[in-house]
Amino acid sequence: MAKEAVRAVFPGRFQPPHYGHLKAILWALERVEELVIVVGSAQESHTLTNPFTAGERILMIRAMLEDEGVDPRRIYIIPVRDIAMNAVWVRYLQMLIPPVDAVVSRNPLVLRLFKEAGYKLLVPPAYEREAYVATRIRKLMLQGNGWLDLVPPGVARIVREIGGVERLREIAEKD
Amino acid sequence: MAKEAVRAVFPGRFQPPHYGHLKAILWALERVEELVIVVGSAQESHTLTNPFTAGERILMIRAMLEDEGVDPRRIYIIPVRDIAMNAVWVRYLQMLIPPVDAVVSRNPLVLRLFKEAGYKLLVPPAYEREAYVATRIRKLMLQGNGWLDLVPPGVARIVREIGGVERLREIAEKD
Amino acid sequence: MAKEAVRAVFPGRFQPPHYGHLKAILWALERVEELVIVVGSAQESHTLTNPFTAGERILMIRAMLEDEGVDPRRIYIIPVRDIAMNAVWVRYLQMLIPPVDAVVSRNPLVLRLFKEAGYKLLVPPAYEREAYVATRIRKLMLQGNGWLDLVPPGVARIVREIGGVERLREIAEKD
Amino acid sequence: MAKEAVRAVFPGRFQPPHYGHLKAILWALERVEELVIVVGSAQESHTLTNPFTAGERILMIRAMLEDEGVDPRRIYIIPVRDIAMNAVWVRYLQMLIPPVDAVVSRNPLVLRLFKEAGYKLLVPPAYEREAYVATRIRKLMLQGNGWLDLVPPGVARIVREIGGVERLREIAEKD
Amino acid sequence: MAKEAVRAVFPGRFQPPHYGHLKAILWALERVEELVIVVGSAQESHTLTNPFTAGERILMIRAMLEDEGVDPRRIYIIPVRDIAMNAVWVRYLQMLIPPVDAVVSRNPLVLRLFKEAGYKLLVPPAYEREAYVATRIRKLMLQGNGWLDLVPPGVARIVREIGGVERLREIAEKD
Amino acid sequence: MAKEAVRAVFPGRFQPPHYGHLKAILWALERVEELVIVVGSAQESHTLTNPFTAGERILMIRAMLEDEGVDPRRIYIIPVRDIAMNAVWVRYLQMLIPPVDAVVSRNPLVLRLFKEAGYKLLVPPAYEREAYVATRIRKLMLQGNGWLDLVPPGVARIVREIGGVERLREIAEKD
């Protein structure tokens, strides 16, 4: 069956990757041949909203997709630093990633920018958004262990290996 | 048999990837579990020394490794913009890629910087360097077709698909 | 009659230009020979506080001044990206624009920086500020059509041509 | 008679503007409604190859066009700092200038980049290039007065007002 | 008696330096041979949270230490611009300052970053934090003169010489 | 006796500091109360023309001045990253250093930029320039030991401590 697009880009911050991301990726893979996962704000780490480095987030996404049995030949994972010029951002992404003809996103700004640039828009359904939100997961990491059910096992394993929860808690301490 | 390192980084510009790169990668894969191929100077393209975008170079490396049957689960391909601060560069790479404990390179500056940072150095042999040099390949692209024997078939295919030789020749024209 | 200054600079963000800006410009043109209108935060666009690109804002200012019959030979319109170093900003502006000996502004920071740099300060009256404020205009754009009376006809025409209100509303949507 | 394009961009460094630039601009104005003159490398000044600031170059272009009687309502003069990412440059320009549908240039890189981005290319004839070249004019400025015949009177006037030749000679001195 | 470290770095913004800083510095000088005081966010000035330039802050710290009779040969004062990449920041500092083997700080993020980089952590006691906080001092500067008791005499002298309070008040005015 | 200036700035790259620098500093200290030594191109290191980090260069200058018995209270040593905008550079320096009213330099560009900004120019004599030139010293470092007579003992000591000659030679090796 013909795919809706040859290759699509899926931009996110993945702080950390969670089931919402995973479901959107699987949804996209039914519609495109190849998917380019852009790990955005790649320069950010060690803050309450961006605790993990781009390299760590790449490891987490890989582990998550491997658990799921996703064919690695259909996936690119590319870290991208912010450029702080919205009007240029789509073209800047296009420089750093293989050519794509569609974007996978629910983010209004992302959709608007790719629409202006003439790309096809693929909007995945909102999978229990109130649960699978990175903000909530980071909050639970600070408080206790409720976060473990919200991320795939591979992600939890990497968070543990890098001491991610300890890092988040140290940064959150008071001066 | 135990590998010499768990995960190593192999930085290059890959303008374009050629047999010298491929041999170094295969050499490295005998010594490490996983290899992170860093596509450097990712901001550069459309010049005589850097004709291809980072995204195009990623496509070329993928095609080259797929032809060779390399297991994609052992490979990361990460584009990295220059940072113009040598003393910081290794740490900057480390932010953008999964953790590594070794570098694969013959470049004296790269080796020196990773040595100062305490990494293990893996120096591949010099495979007929006079032949497999990107500078020479780009020169041949401008002149005729002698370059086709110097790059793996997958690379040649992508160069053709993106009109790479035509781009190089247009840029080389006189004002 | 002698002017108060040969050439003055009038910095703003113009998101979008409105009657407050227009009145300040006309006030200034009675006092200086030439006016350099600096379109600041030129790198910003596609956000709720900075919806329009620098190029679009230049078009709007031109249309506004043409409607008013302002002599284009007395006006320069120059987009300037932020530099994020207040102590350097005046000198940075001076690099990008023709020499000026005065600034036209009501902004306390702008006035302070130009005072420290030895420029003449021209402070226009506050024209019904509660009405003519870009923040309020953007809010009205999101809600309905009350904004049309707050901007000159030329500005409204460009906003319509570029689909400005539609853009603002799309960006404001919920994820 | 229908124009070939509604609005075109003409990028250059204009160090300084000369008769070659003027002829290209007049040629373009017969073919387009409006022309956006981009003063490139706007961050450069006080070097042997880039002696003048962007602001000074804007003054020179204005003076040159005013002498020639060009209608200022058909012209935009916009300084643009380099961005050092060729693949992004056209989109970056488009952010800072009013929308254009064509480029006016003889520069192979400029033509290639705009071609890839889908713009119309307008290539002006080469007007006695050996004479009207900024490199040669700057060399003559260092040596004597032969440069005066190579730039329009308005440009010469601004160079004199800002002490441009004296600046160039001071910078060229030996340590 | 052996010191706990040969040379330590003490990063801060020093907007302005106050008795809390001074006490931490004196505490550190009992434990290390030499102290590198990093004046962070060196690009910031003329805002309500960062009123003073890096150069002014250096003058204030010098005056404060001179009043106290600190041996200048044991002190380095180095301004450092932000780099906006936490994972790289420690290495970036290390490029700009003499080699150190410890950090002096109570800031959780600073401590975490230096811990990850393998440095020794020296955490000074919290000296009446509610009193000696730069935020409170800047607030008092805006309101009246209560701030004078919270900074050493040398700091107060420099603030007066540069008209620091007047600057803060002008910036705080309403548009 | 009255000094010619209260405080002057002396910018250089100091790769490495040598007797020419030392003599210029001593010459300046007879004419000004305080001297701000700016270690320029602070982002550069590990190249043939810029082998040492800013932090290492600061150590060298300190050692050189301590050997000479220079009063440290009269000296500031400030590393400064390049800004790549000549027209802004003087103001950028002024942000990062204590206020100065003069510059000490023989560099034509430096003198021109400070002259345009209204500073007093102090031009030290050319001390056996053919001998004391950093380019020649780095060349001798690569070849043998002739460089030791060209730098003060304190500089030689730091070069030895950091393995500076070994670094230079490693970087100079062929790929």
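Chains here go by letter, A, B, C, D, E and F, matching the order in which they are written, and residues are numbered from 1 within each.
Keep in mind that, in the parts below, a contact is a pair of C-beta atoms (placed from the backbone, for glycine too) under 8 Å apart; a residue touches a chain by one contact, two chains touch by 3 or more.
Everything quoted here is computed from the prediction, not taken from an experiment.
Looking at the partners of chain D and chain F together, the chains they share are B, C. Two copies of one chain, chain A and chain E, touch each other, and the residues they use overlap weakly: the shared fraction of interface numbers falls below half. Among the other chains, the CA centroid farthest from that of chain D is the one of E. Interface comparison, B-F versus C-D: the higher count of C-beta contacts falls to C-D.
Distance between chain centres (mean CA atoms), chain A to chain F: 47 Å. Averaging Cα coordinates per chain places chain C and chain E 38 Å apart. Between the CA-based centres of chain C and chain F the separation comes to 44 Å, rounded to the whole angstrom. Between chain A and chain B the centroid-to-centroid distance comes to 26 Å (mean Cα coordinates, whole Å).
Of all residues in chain F, those that touch two or more other chains are 43, 45, 53, 85, 87, 94-95.
Taken as a graph of touching chains, this assembly has some other topology, since it is neither a line, a ring, a star nor fully connected. The chain pairs satisfying the stated touch condition come to A-B, A-C, A-D, A-E, B-D, B-E, B-F, C-D, C-E, C-F, D-F, E-F.
Residues 43-47, 53, 167, 170-175 of chain A touch chain E in their complex. Against chain A, the residues of chain D that register as touching in their complex are 85, 87-88, 90-92, 94-95. Those residues of chain A lying in contact with chain B across their complex are 42-43, 45, 53-56, 58-59, 66, 72-73, 76-79, 81, 94-99. Contact residues on chain A toward chain C in their complex (touch as defined above): 84-87, 106-109, 111-113, 129.
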